[in-house]
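Presented sequentially are two complexes of chain A, the first with chain B as partner and the second with chain C.
On to the complex of A and B.
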């Protein structure tokens, strides 16, 4: 058998281009469905784990999938906002603790998520470096986000302007990185977290500016000369929150009306969860409550259905390719008739000739298997990333 | 000793039959087989080698009744007792010269490939002027060098019988002489029998005996 494999190896090596094409085709046919399943499995694990950890989610009535993807996985695409009042209402029921999440913005391609400090406790997110944001204008980076941005505690990061055509002037805010979270293998790794109030500052709901200067007195005022204070476009608006200007930052309007993307509701028990869900049965209300696990499972079922269809197509393509390979092999046997006759005349049994050919096939299959395994191994670190990309994009 | 008795053969589907009269060739003899094309020279060699089985008559090589052996036994007999230098037995293009010489040892379990065999292959290559070309591929050799490599392959098993069919057919005169001298020298050294089909009448004086297959029919 050793000699069979040696001769087969020499033959394949001599015809290396043909061999390489065969190996690449076979490994592609084998690795594509396997990689797809790996990505789907990674996606399933990653999504289900997150959904299981989130009992209830409250958001604007509409697409439950969009709400879940936006609030849990920070997917791109804006989730219609609800007001902060909704969180107060949940808290007032006494059935659940609300965790508001505001995930409207992105910073250098990464989600910028406004949360309260309770969110970090709930998700068991602890800083690996530095500390959690304590002041307005602070941010903490997820592990992957820090790596991707090459930032750490002490660095700064500018938020993207909400709207370039915003005449009211929502300026980018320079955020202070106070810490980097330990890796959690969850969407939190890719996010930049700020305090909810900092998110509202970025949204233009709060700002800080210099004192409006006193203008020249108006001598022709109807009730005599008066001093006016001018707050026009020349007024200096701060783009960085520092200890010096922190006190100048303020919000306008009722905080209960400020926007958030969703509320993660943490019911105290099953009964509370049921009662809370009952509160959102009214279809005419602007808000809805969803169970992320149900939504995620429904979404995954659809994805797996598409995956199964893809599998079926690949089986057909693979079958066709195998028939083609058999044809190529049969034709190559005819081309090698003279060589086969030579070794037969020398004293080689027909069975040995068959064994030599089998060794060639086995080597090709083994090498294809090795390439396939290498592709699978190499794809392992990216499976989660790919799943995230395909499912969330 | 080779003994042929009332040998006849007909290719399947052919109306053309061949009959060979009884023939006795002593061990160590160097015999040239001549005759016109289609007379059955190659067929005769194939019958002796056991590649073909006669319709009638018998072939005996030394103490082996070749014509009565099973296919497997004939195959083992062929690879271990006979050295082939057929024009159609080309070197394999995907093996280098060294591996081509060792090839019989890789395709039949009767032969065991060990260090001694490899050493012997090197010696043969040395004797045939191929020592520096063992790692070359057949396409990198001249026609004469390829034929010499085929001779090495045939001699490696130290056969008692060497069958050469037009072994010098495509060679220039100098290479023809060199290959025939090589075969004759190898046969003499091993006291092996050499049966060579040739069209080159100028080579005939080098042989002990000439069998004209036309006369034999």
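On to the complex of A and C.
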């Protein structure tokens, strides 16, 4: 038996081009569906885990899928904003704790997410380096975001301008990186987090005033009238919030009207969750409540349907490839007729010839299997990334 | 004899084990102490009275600074972030709130229940005193706790927050609240009784911080913007004379003991100086209750000289 494999191996080595093509074809046919399933499994795990951890989500009435993808996975694509009043309403019911999320902006291709500090407690996100944001203008990076941006505590990062051609629009804000979060294997790893109020400054709802101008306009200080000082103070579109100008930053208007993308509602118990959902039954209201797990499951079912279609196609392609493989082998047998005759004339039994051929097939299958396993192993770290890319992009 | 010795060893071992487990239990209870941060002293006092030894109450503003004009740095914010409860006075008292990142679910606005009764201040002036720099009192009057009925409501808000955090301490907290509200009600009743004697007595205040006191106890009070440690400029004295022409006050209320030169100059105008300390920061001696009792004694001298 050992000699059979030796002779088969020598034969395959001699015809290495043909052998390589066969191995590549077989391994490709086998690894494609397996890789696809790995990506789907990673996507299912990744999405379900996140959705399971998020009991209820409140946002603008419309696409529940867009709302869920935007608030939970920070997917690109603008979700209509709701007002902060909605979060106050949820808190006032006493049935749930609201966690507002404002995920409108992106910074160097990464989601810039405005949250309150409670979000970090809820998602169990702790800084691996540095601290969580403390002051206006601070940000904390997800583990992958820090790696991608090559930034750490003490570095700065400029937010993207709302509109480069809008002279009256918002200016980029220089964010101070205070920390890097420990890896959580969730979309939080790819995000840049700021406090909700910093997100509103980026949105142009808060600004600072030039202190030097203000002081000059108060000649009778310390008893100058406040109204004069305020009227003369020049509006400065700060691009950086520093300890010196921090106190001059303020917001105009009612904070209850400020925008947020969604609210993660954490009900205190099942009864509270039911009561809260009952508040959003009115179809004419501007806001809606969704259960992310239901939305995600619906989305995954669609994805799995596409996956099943791919499986069907791959079975057909695989079948065709096997037929071709058999044909190639049959043709090669015909070409090797004289060689087989010689082996027979040398005194070998017909069975020996069959064993030699079987050893060749077995070796090709084994090598293809090894290549397939290597491809699967190599693709493992990218499965989540690919799932995120194909499902969310 | 041998048996007795063995019994003694077993007994000693058991006693040691019990002592060790008790010590461990005590330290575990110690670890479970609630961490409470209060934005001013009255709230810290309420929390201390209500939670007792079950909480560590911190007032992060330094003793030399009026907490209303204090600006926390990143380190102070980091410490606040680690607290279980952050007690806010509300009524625009914490002006730093817009500049810091704090967990909203831990923020307790103790004056939210009487939000509709906030006093709005119009046409305020900018002035400065101490290291806090220039400021104005425009916006909402924030010395809410010197209306002792409002103080009782703020104490109730603190109690509710404590109970929500530690439901097992509900009975203890409610008992403590009842006692605290009783003390506040006594203060309230005492001031009502004192001020009822001369309801229209004209009074001056050195600083516009007594709005809620004036409203609750129907005081005929007008304010200037003077600081206890500073001699006001001539323009301010002229303004005072103008005010006195239509508001013949014989007493000026101060947040703390004023400068003797100012006292003498006021005395020359026939105005006595009396202290009514809002007690926004931790007092050097005594506590909130003793400071307020002293305030009432001072007020009694105004209405019953």
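The rule is short, and it goes like this: the second predicted complex is superposed on the first by the 365 of 393 C-alpha atoms of A that agree within 3 Å, B and C clash if a C-alpha of one lies under 4 Å from a C-alpha of the other, contacts with A are read in each partner's own complex, and residues count from 1 in each chain.
Criterion: a residue touches a chain if its C-beta (ideal position, glycine included) is under 8 Å from a C-beta of that chain, and two chains touch if they have at least 3 such contacts.
On a predicted model such as this, the values are computed, not experimentally measured, just so you know.
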Problem set entry | Partner contacting more residues of chain A (chain B vs chain C) | C
For this session: Could you tell me if A:185 is touching chain B, chain C, both of them or neither one (first, second, both, neither)?
Result: neither
For this session: Could you look at A:249 and tell me whether it touches chain B, chain C, both or neither (first, second, both, neither)?
Result: second
For this session: Identify the partner contact of A:195: answer first if only chain B is touched, second if only chain C is, both if each is, neither if none is.
Result: second
For this session: Go through the superposed model and pick first if A:124 touches only chain B, second if only chain C, both, or neither.
Result: neither
Exercise. Regarding the shared-chain residue A:380, is it in contact with chain B (first), chain C (second), both, or neither?
Worked result: neither
For this session: Scan A:16 for contacts with chain B and chain C and give back first, second, both or neither.
Result: neither
Exercise. Touching A:305 in the superposition: chain B (first), chain C (second), both, neither?
Worked result: neither
For this session: Applying the touch criterion given at the start, work out whether A:268 contacts chain B, chain C, both or neither, answering first, second, both or neither.
Result: neither
For this session: Residue by residue on chain A, keep only those touching chain B in one complex and chain C in the other, then list them.
Result: none
For this session: Provide the residue numbers of chain B that touch chain A in the complex, in ascending order.
Result: 51, 72, 75-76, 78-80, 84, 86, 88-90, 92-95, 99, 103-108, 110, 113
Seminar exercise, completed: In the complex, chain A touches chain C at residues 97, 116-118, 121, 131-136, 138, 178, 195, 197-198, 206, 218, 220-227, 229, 243, 246-247, 249-251
Exercise. Given the complex with chain B, which residues does chain A contribute to the contact?
Worked result: 3, 6-7, 10-11, 13-15, 338-339, 341-343, 345-349, 352, 356
Seminar exercise, completed: Within the complex, chain A is touched by chain C residues 71, 73-74, 77-78, 81, 96, 98-106, 123-129, 134, 136, 138, 225, 233, 235-236
